[in-house]
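Should a chain be cited, it is by its letter among A, B, C and D, assigned in written order, with residues numbered from 1 in that chain.
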Amino acid sequence: MATPKFKEMERAYGFDEVAIVPGDVTVNPDQTDTSFYVGNITLKIPIFASAMDGVVDPKMAIELSKLGCLGVLNLDGVWSRYENADEILTQIANASDKDVTALLQKIYTSPIKENLIGKCVETIKKAGAVCAVSLIPATAKKLAPIAQEAGADILVIQSTVTTARHISKSYHGLVFSELIQSVKMPVIVGNTVSYSASLELMRAGIDGLLVGIGPGAACTTREVLGIGVPQVTATINCAAARNAYHKETGKYVNIITDGGIRIGSDLTKCFASGADAVMIGSPMAQAFEAPGKGCHWGMANPHPELPRGTRIRVGTKASLKQILFGPTSVTNGSENFVGALRTAMGVCGAMTIKDMQKAKMVIAPSIKTEGKYFQAMQAFSV
Amino acid sequence: MATPKFKEMERAYGFDEVAIVPGDVTVNPDQTDTSFYVGNITLKIPIFASAMDGVVDPKMAIELSKLGCLGVLNLDGVWSRYENADEILTQIANASDKDVTALLQKIYTSPIKENLIGKCVETIKKAGAVCAVSLIPATAKKLAPIAQEAGADILVIQSTVTTARHISKSYHGLVFSELIQSVKMPVIVGNTVSYSASLELMRAGIDGLLVGIGPGAACTTREVLGIGVPQVTATINCAAARNAYHKETGKYVNIITDGGIRIGSDLTKCFASGADAVMIGSPMAQAFEAPGKGCHWGMANPHPELPRGTRIRVGTKASLKQILFGPTSVTNGSENFVGALRTAMGVCGAMTIKDMQKAKMVIAPSIKTEGKYFQAMQAFSV
Amino acid sequence: MATPKFKEMERAYGFDEVAIVPGDVTVNPDQTDTSFYVGNITLKIPIFASAMDGVVDPKMAIELSKLGCLGVLNLDGVWSRYENADEILTQIANASDKDVTALLQKIYTSPIKENLIGKCVETIKKAGAVCAVSLIPATAKKLAPIAQEAGADILVIQSTVTTARHISKSYHGLVFSELIQSVKMPVIVGNTVSYSASLELMRAGIDGLLVGIGPGAACTTREVLGIGVPQVTATINCAAARNAYHKETGKYVNIITDGGIRIGSDLTKCFASGADAVMIGSPMAQAFEAPGKGCHWGMANPHPELPRGTRIRVGTKASLKQILFGPTSVTNGSENFVGALRTAMGVCGAMTIKDMQKAKMVIAPSIKTEGKYFQAMQAFSV
Amino acid sequence: MATPKFKEMERAYGFDEVAIVPGDVTVNPDQTDTSFYVGNITLKIPIFASAMDGVVDPKMAIELSKLGCLGVLNLDGVWSRYENADEILTQIANASDKDVTALLQKIYTSPIKENLIGKCVETIKKAGAVCAVSLIPATAKKLAPIAQEAGADILVIQSTVTTARHISKSYHGLVFSELIQSVKMPVIVGNTVSYSASLELMRAGIDGLLVGIGPGAACTTREVLGIGVPQVTATINCAAARNAYHKETGKYVNIITDGGIRIGSDLTKCFASGADAVMIGSPMAQAFEAPGKGCHWGMANPHPELPRGTRIRVGTKASLKQILFGPTSVTNGSENFVGALRTAMGVCGAMTIKDMQKAKMVIAPSIKTEGKYFQAMQAFSV
């Protein structure tokens, strides 16, 4: 007798479980075009830096814009709470592993100062950079107009899990369609991982979707809550929603894979899974220019009662430019992300990001299992 | 030529192999209702503490009841065998790893004293707490009436593997339907893992079913016997039986997943797999209030000839209240279990436990594989 | 375009990848019958000790027979090559890891002395024990009559891979049907792993089949040759052939799973996979009575040009009786194999080995993944 | 609602995930024929040494030819750039792990000297050996005629990923069909991993195909680019193309699996996957005769901006003859590759390599999982 099924589960895949298959045609990397388009803004490089206090401050945002990327400034973080944000960041960097979560819990209870929002945005705009800012759903309605007035170009609304419908006693849930009509800039919303939730958010009028729940290095959502979908499958799901919505309405909503990207191969797999851009934290935090002094952490970390993240100490290792564009003598994929993307596009015969989305992938768990005997051989032969 | 099949095997899944997918609607955690109902008893929190001597004594049972949970007192354990049970627990805690199994084997040969059963039950009831007690099938018929007379509210009949039909030369097997008719309180029976065995037990008239063979930290049934089904699949199987039986008869039998739950995500996955409640040992044993002095062990451990368990030394780390409700600065999911459940219910849009049972899950092996490069990057960059 | 397939591959499973599901009925362990039948011989316990020089000598064979098991004496080993076999075993036990393979290669070039064969068999028979002896295909035709004349009860013909048809220039391949007609005792042949090769061997008239290529602790066939099928699938394949052959001819050929069995759960899974008996090496080698002085090795190890095995140092830990029947205070399944079998049969409701062959199994990789967080929790709490 | 699929992925397998099933007939190893044929050249042993500077120099090529194998000399490497190539190799061997990639990047910018090409080829031919040389696509058109004039027998065109169609602004892509018509020797091209790309290359007129992207010990393409298909599946894909092309045209194009082969079982699995020959690096680099002084590295390593490889220090351990043909006392499969191949062919009943291509394989992850308890048992018993 076959057991009646209470629940069916499909297999979901992460970066380490897949590999990209080269194409039947190859292209020279220097002929590839990696542009990303949202509203009337074009980025030459489809890479966002995460809206984390250890990753993006106004200076970093300016630097990233010069290089063709986008830094998203967290408007619920230390830069809109403290005049002396840099000192606060030093405190966090210096705290012990044991004490840091309690410290973060305390730091993020200080109120947001609206004047600091304007100041940050203006600093970025004055430098001629594209200014992207992030808010959580609970503060978006109130603070988005301030950011817009100060000249922000792109609005990101972000929480661990965001849906078009939220039920709450304590506050009137954010209605995305209303917010989108009230602001003049492109709105990117996240995070999400499923086809149906993505489709609902797209119908609210958003311009981009952040994909990823649980995968980031600074995030422990999967341990604490059990919630999460690995990034390859999450991106594939949301890209399917994008294509369905595009077919239905003619509007193209960008898919931005956010979280868990450590090395070049993680990034190239995002695009082969259907992403239009990626958002990265850890690799950016390792830049000399990053504000975190070698540390970063997520906004779920300072939660007062159920922190779901850790401060990650990544150290600093190279200039932002070298991390993004090389040249490098590092061979593990942690530098020259753009070079890796262009080279991967080349071997897949992809002229554009949209071509790269069509690259074939196989399920091929774990990198270098085939080399594992080498260690043993080495041990007895040297 | 295709080989004729001697045996087909289906894949079974454990906690670390699945993840919960957020819903299309989200709910504020403070609006969720986690109640559990059995007979005319309601628990605000659907968490049982295991019927293990290191986990529940009369004081712990009282404390748990105050917090909305349920502590199950083991009536085949030290509290019904020894006047000086606390001294016995100290001996166990102080024994070396090498000697402890032999010590346990000796301690559990001392006979059960019926007067101690009454004394324990009365202590719990006098404090106004809900009193749940457990017995093994071989002693249930004789001792259940004593517990009932003393005022017990819930009877748990538990052995490693329990079925409705047991063949024995040495004693007349327990007939569950007879026992259930003879006692006035709800009867919860276990453990089991399959659809068909669950359905037979339900037909005997039980009110709840304990699900789980092999997964607990203090249990080595899978090593010794090869018997066991991982908890996600086991819960899914038994929940299917519950629904089939409910449809057939209109009676709802509670499914309580028992064993292997270490952190918040394990617990939330039980409910998404179909559980109505969970039974946890190790996390409870870590409470300052637990009787085991930082240790716990199962009833299969003292088996005189084939012990199938080990004493686990977990240490004590926080108050029961903090382990259950937080607040916490621990980010690995081992504190604030109820907060984790409510937050997970929130992101799944689940108002009640029954809603949470409908959450979607994916097969997504191993937490944080996506972060594994981080260690290496850190090594050469700091 | 779907790629044309050059080769299809099915998934094969080993012990650590499956688990046994309890039955709908349970039986008291003391009511189970574990008998094994071959020819007119009955073993109370369906366990063979491997035909390895570190595992079985005449004394060990006698001891095993007294306990209801079967020890198979290797007639191509040291006992038929050296008068002072015990001294040779001491040399092997004392050799360093670096030198031992070269030493084994040398020891096994010494010629077989026919008079020693007779002497060994007579010693065993004189003690009233069942005498089983093993030969490789190349020597079977010449030496089997000597063993038979001396009174051997069971003949085992064993090499790494044995088929009914072998093509060789250097010697006329052994024709099993001829050999079987010429000897009066039951003939057990191996090793094999597939349905079709098993069926051919059965048609040659054999009475039992040894199943297992590659899994043993002392065997490196999978590393060196890439040849092997994990034991659960191998046993299932060969049991299917047994049932097909039985249906076709009415003759029942025993399936004996040989290799890779370390603990109780490995053994119980063999029977649930369809075995009639098991052959074990490492656990037997750990008995005080074993001839290997805490070591064992396979016959593929001394191969002069391509050794495919290693000497395994297992130490000695308990009496043979305790390893087989307990009682024990060890909780990892490495003692009381018969107790484990009877208990597993009990929870599966199996009265006989043939009942146990019908137990349900699930694919459930890796024991105790659900306990892995425990280590971490322990680390920061004690 | 089933989610619309944006992308389907098939499972791909590597060496450690499969095992070969013995046949129904067995053959004595000494009766097997391992010959490989390309053009009018026959190799008795179907093993190529990789075109890596640490693996093949003219002396090594001569030695390999004497033993029946083929050494491919890299004409884009140090031997065609430096008069004092041996000194350069010493510098590389002596460089620290930290500095070596930068050193390699520098060394490989020195220009190729055409006279050195002729000199190398003539040295090899003068010794009576078969001379195989490799070039990258960008230099092939110019340098292949020089090698041919000097007497080369086989031309290998190799880059990380090679397709029949390459799009480039900076140089007119190599047209394989033109090159093949202009040279008189067999042309082997690679690397590739897919059915369709293989078929296109075959239609250009090639005589052999190198299969493998990402698997080698000295290669980090999978980490850096995310590109690669594990070798078993890659070989199966390309063998399917070979058979389809053979059926279509009557021409047989050899499949040579290249990369990731460490031990005997890796090599035997290549043939069971459909290979006609294999190309190996690490095991060859361990020979006393290898030019790398115990080191080797790939041509993707010195890439000036995005190095995708590492120098691997393997040490030297035995003579080339012993590594290939034994005898050995090493039991882990890292010596006597030809013995392993012949023995595996024997147990599969394969008289020739084409027979071995028909051997059955199963998916059977990870070698020796069944032995893992042994360590624990050993720990407490010795």
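Keep in mind that, in the parts below, a contact is a pair of C-beta atoms (placed from the backbone, for glycine too) under 8 Å apart; a residue touches a chain by one contact, two chains touch by 3 or more.
The shown structure was predicted, so the numbers you read here are calculated from the model rather than taken from an experiment.
**Q** Return the chains shared as contacts by chain A and chain B, ordered by label.
**A** Chains touching both chain A and chain B: none.
**Q** Over half of the interface residue numbers used by both chain B and chain C, so same, or under half, so different?
**A** Here the answer is different, because the shared fraction of interface numbers falls below one half.
**Q** Roughly how many whole angstrom separate the Cα centroids of chain B and chain D?
**A** 55
**Q** Which integer distance in Å separates the CA centroid of chain A from that of chain D?
**A** 39
**Q** Residues touching two or more other chains, restricted to chain D: which are they?
**A** Correct list: 13, 15, 194, 196, 263, 266, 332.
**Q** For the complex, which residues does chain C have touching chain B?
**A** 13, 15, 18-28, 30-31, 194-196, 236-237, 239-240, 243-244, 263-269, 272-274, 326-333, 336, 339-340, 343-344, 347-349, 360-364, 367-374, 376-378, 380-382
**Q** Quick check: in the complex, which residue numbers of chain C touch chain D?
**A** 1, 3-7, 9-17, 101-102, 105, 160-170, 192-194, 196-197, 200, 213-217, 220, 222-231, 233, 260, 262-263, 266, 282, 286, 294, 301, 304-310, 312-317, 332, 334
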